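Shared chain: chain A. Partners: chain B in the first complex, chain C in the second.
Entry: the complex of A and B
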């Protein structure tokens, strides 16, 4: 199960969002369309996010899927999302 | 530059104080900087080549060894600057008075005379009188309309230093203090320029503290101020707390600390803080900062870092593959107002059993001789049984869009009928389409709850105010049912409960609507759906109707208090009625043609995607410049594909936020 990491917050900027880990005092700028992926992930399951991203950014479904997957992987690696054991 | 906080206590309680938990009142637990730490701090200043010891607090003069500290700093060759509120013990004042004037200064965090208690003001006046031009005034701006003129008056009256240091009240990361909102900066910028002109006229110069941004001033103002580095002053100030820990500044105190004992010099300390916060500097005061010319030219770093970080949002969420019940927000139970259909008591008993707690009331029309009800006369075989035995609250529907005679003539009979229904059947409330009639009912029966009907067509805040004192509940106009932003505004304007009708399905703002309802409510033999021809020509308009599907109710949960199902005619089949009601209560997906909507509902089993709902509930229905619904409909008609091939959509500048 992948969850948002504790101490993670984000700030909306005109060109994307800044993801902040206040405990580690790290931040990265995420541009669009990945910025929209983050925003949508906070409220929707991946499948819906993928559909929305495909719609909003006029991407083919496969391409939207790739954008979403790659973004999630990157945020896990950066510690903004974290994989936890357990069902879900 | 580094500031040494001698004590955490203060004899004032300024609401904007940045120091937060690092400062307490004199009566609370206190922490004073020890002599050994003070000496170690002076050592650090010395090693760093810093010539001035800046003493602050709390109120630094309340440290029991304040005079000694001043003397020690002077003896070791430092100049001394004291940041004070000027309400100080006599011993402290005397020590400053007796110190060499050219080596000691006092920066007073000033308040107007009327903002002090008389005894406090006496102390302040005494400090001003005895220290004279060693005192400079500082002022923290914590509102969009700061009153600063008293500063010039004090300077002139008491012969103080001709200098004013202005600061912005920045928010602490931990919260709790009153701060100036960044959106008020431009307004404050204008006030500062006015003040600067007045100050210049009496020979007073201005200094600016940290966190100012050039965009808060006009072009002319910036040229006039001539402070090209104004926007680059959010750097580690280096404040030493009484416990021997350094913080970058008070607003960021919770973010990172360094120990005095582990620092070689101030430059190293500044480097450490800068490195810690470097990443976070990507956060800026306004979303637009990233495109700002001042930032691009290096003339602005984006304002106070604490204020910037406080724009952040935070919520815990799970990245899941499939749709699931919201993890942290269980489905809200929203009470429903449901229509009367002509069914025996068992039907209502079954509904009461099945949807216990979900049904607020069943609304029913009185006979036409009382008043029109918004629909032609409906079957009423079981009405008496319903009125006497239904185990659900019942509400009267007085929904004539136009009255058959002037309200003065109509009202008495209607009020009499309402009273009769209340007394004889225990009817608990009424929905009214005519405000004049509602006012008269309210006057006659002040305790009887009234709901403003959807036919009152209330869709903007000023209308909501017109209902004040008359209606307890409001059913917003059909034209705004799919406009989430407008609904939020209306909710803010109306003090009572908002009841949202989910399945009426007129075309939004339909110009035929009034006539249609008039015909239906006035006994016309053949009331017409006047939009039929229009919808035959432009069938996609059905997608712009006032319907909300059960699966999309979560979008509306925070916007309304109650929901209402229409269907006195379209849901007269009890099986369909029950199925639709169950779907809405349980959020089970339905297509628009299944919800028992009105004449302008989609008639075909079109699949409504979340994207469609998402866009069309925020678009403001600017159909003249958008073909989204038309394309969606055409795409569905031609291919029956679930999603349309959309035209290229430019990502909005702040799409992330717009999606919130």
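Entry: the complex of A and C
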């Protein structure tokens, strides 16, 4: 199960999204296709996010999986996401 | 007196109580004169003084708006993810169990269309990638909405374009979706027919339950966001007298930028539901009062056929190179159902989306859509360059009546009032609207063309 961290907020901008961690006082600008990954993760399980990102970015499924996984790992490391046991 | 019925007149005149509003739309000049002055203006003699100045202003040659030519420059890409709808509005044939086709657009094809409009915008020097979702209810097809939204934003960012996402919607979906729309769209036209009793009668779910609570919640979410919110009221006999109070409530409880007013088109469905279009004078009076209320709140009230900032050839996407992709991959210039315009003898198809090749437009079809003729009555009407005939399918289609119907009459009353208000003659306009005989004389005058109209002392 992937959730945004409790101290994380985000702002949708014209060309992507800005992630803000108020506790760590950090912010990162996320561009496409990762901006779509962030938005979709707030509503869908990873498998569904991957399917949609493949279509949005015209990627083969394996490449879409790599993009999604890489983004999740990065945001977990930066404290924007929490990955918890169970679920998608 | 013989009237020329097919040529465009430069100067029109309509009666306003015991005076005449003379108007040259292409020069954007209007004046108010008495009967004697009107007779002089309609003649060929040279006039002196103020009347001479007015005559000169009226008769100078303003240019008609140019029709589009050559390669398509779409005002937007329209996407119809499906014709399905989750409501069962009693006046609409798109809803649950309705007559609309049941097919859905393939997301990969929608993506291809987005790429095409992005490339086309760059090639034609536009600075915006504009997409407008229509339905049915477009947000029923959520998968496509999410994919297209992100694809459009990604393509626009990569090409250095602004993105404009807009949709016409019923507002009935979960809060989470409304928040996504609020975050990612630039404009929404939200159908909202007013107070609960009438809204729920007009726009129920399939089980008969009203949709008011969901629509009000969605309107609140949109009001708290950056998007430009337009609330669209379908006006019937049921809500026509409430328009000023509806607008006051909308402006107090929500944050619309615009409020659109559309009178219902009489169809078999609307008749079966017991709904009738409002009387044109009642609608005009109520709309104009509602407009005053909206003005007090800094909100724009809009009747689509009213006076525009500039003369125009069309009041809708038709003729403006809009390319609207249907679920079966046809490209049309009109978002209405194909059988509806076919029944009027019209062909609104422009081409097809061909996988791997993008939108393939037929130049002949494009030119046909740009040059749809107006019925004779429009050429005699002073609102001709603003109303531009209204809906080409439901109002000014081939073979339509040459009578000034309810839509014509209300448009003429509203247009005259707008012109008079701009001239500082609001009190005169109000007196005209209060006097039913005077209002009907204006609304029903068969020709406004100054040189051929029947004179009144």
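In this text, the second predicted complex is superposed on the first by the 80 of 88 C-alpha atoms of A that agree within 3 Å, B and C clash if a C-alpha of one lies under 4 Å from a C-alpha of the other, contacts with A are read in each partner's own complex, and residues count from 1 in each chain.
We adopt the following convention: a residue touches a chain if its C-beta (ideal position, glycine included) is under 8 Å from a C-beta of that chain, and two chains touch if they have at least 3 such contacts.
Remember, it's a predicted structure, so these values are computed and weren't measured experimentally.
Residue contacts after overlaying the shared chain place A:32 against chain B and chain C alike.
Contact comparison for chain A: of chain B and chain C, B touches the greater number of residues.
Once the two complexes are overlaid on the shared chain, A:78 sits clear of chain B and of chain C alike. Looking at the shared chain after the overlay, A:58 reaches both chain B and chain C. By the touch criterion defined above, A:4 lies against chain B but remains apart from chain C after alignment on the C-alpha atoms of chain A. In the superposition on chain A, chain A positions 12, 14-16, 32-33, 35-36, 39-40, 43, 52, 55-58 are in contact with chain B in one complex as well as with chain C in the other. Put simply, chain A touches chain B in their complex at residues 1-4, 6, 8-18, 20, 22, 25-29, 32-33, 35-36, 38-43, 45-48, 51-52, 55-58, 72, 81, 88.
The touching residues of chain A, when paired with chain C in their complex, are 12, 14-16, 31-33, 35-36, 39-40, 43, 52, 55-58.
Across the complex, chain B meets chain A through its residues 255-256, 276-277, 279-280, 282-284, 287-291, 308-309, 311-324, 609-611, 614, 643, 646-649, 651, 653-657, 659-660. Those residues of chain C whose C-beta lies close enough to touch chain A in the complex are 107-108, 111, 143, 146-147, 150-151, 153-154, 156-158, 162-163, 176, 180, 183-184.
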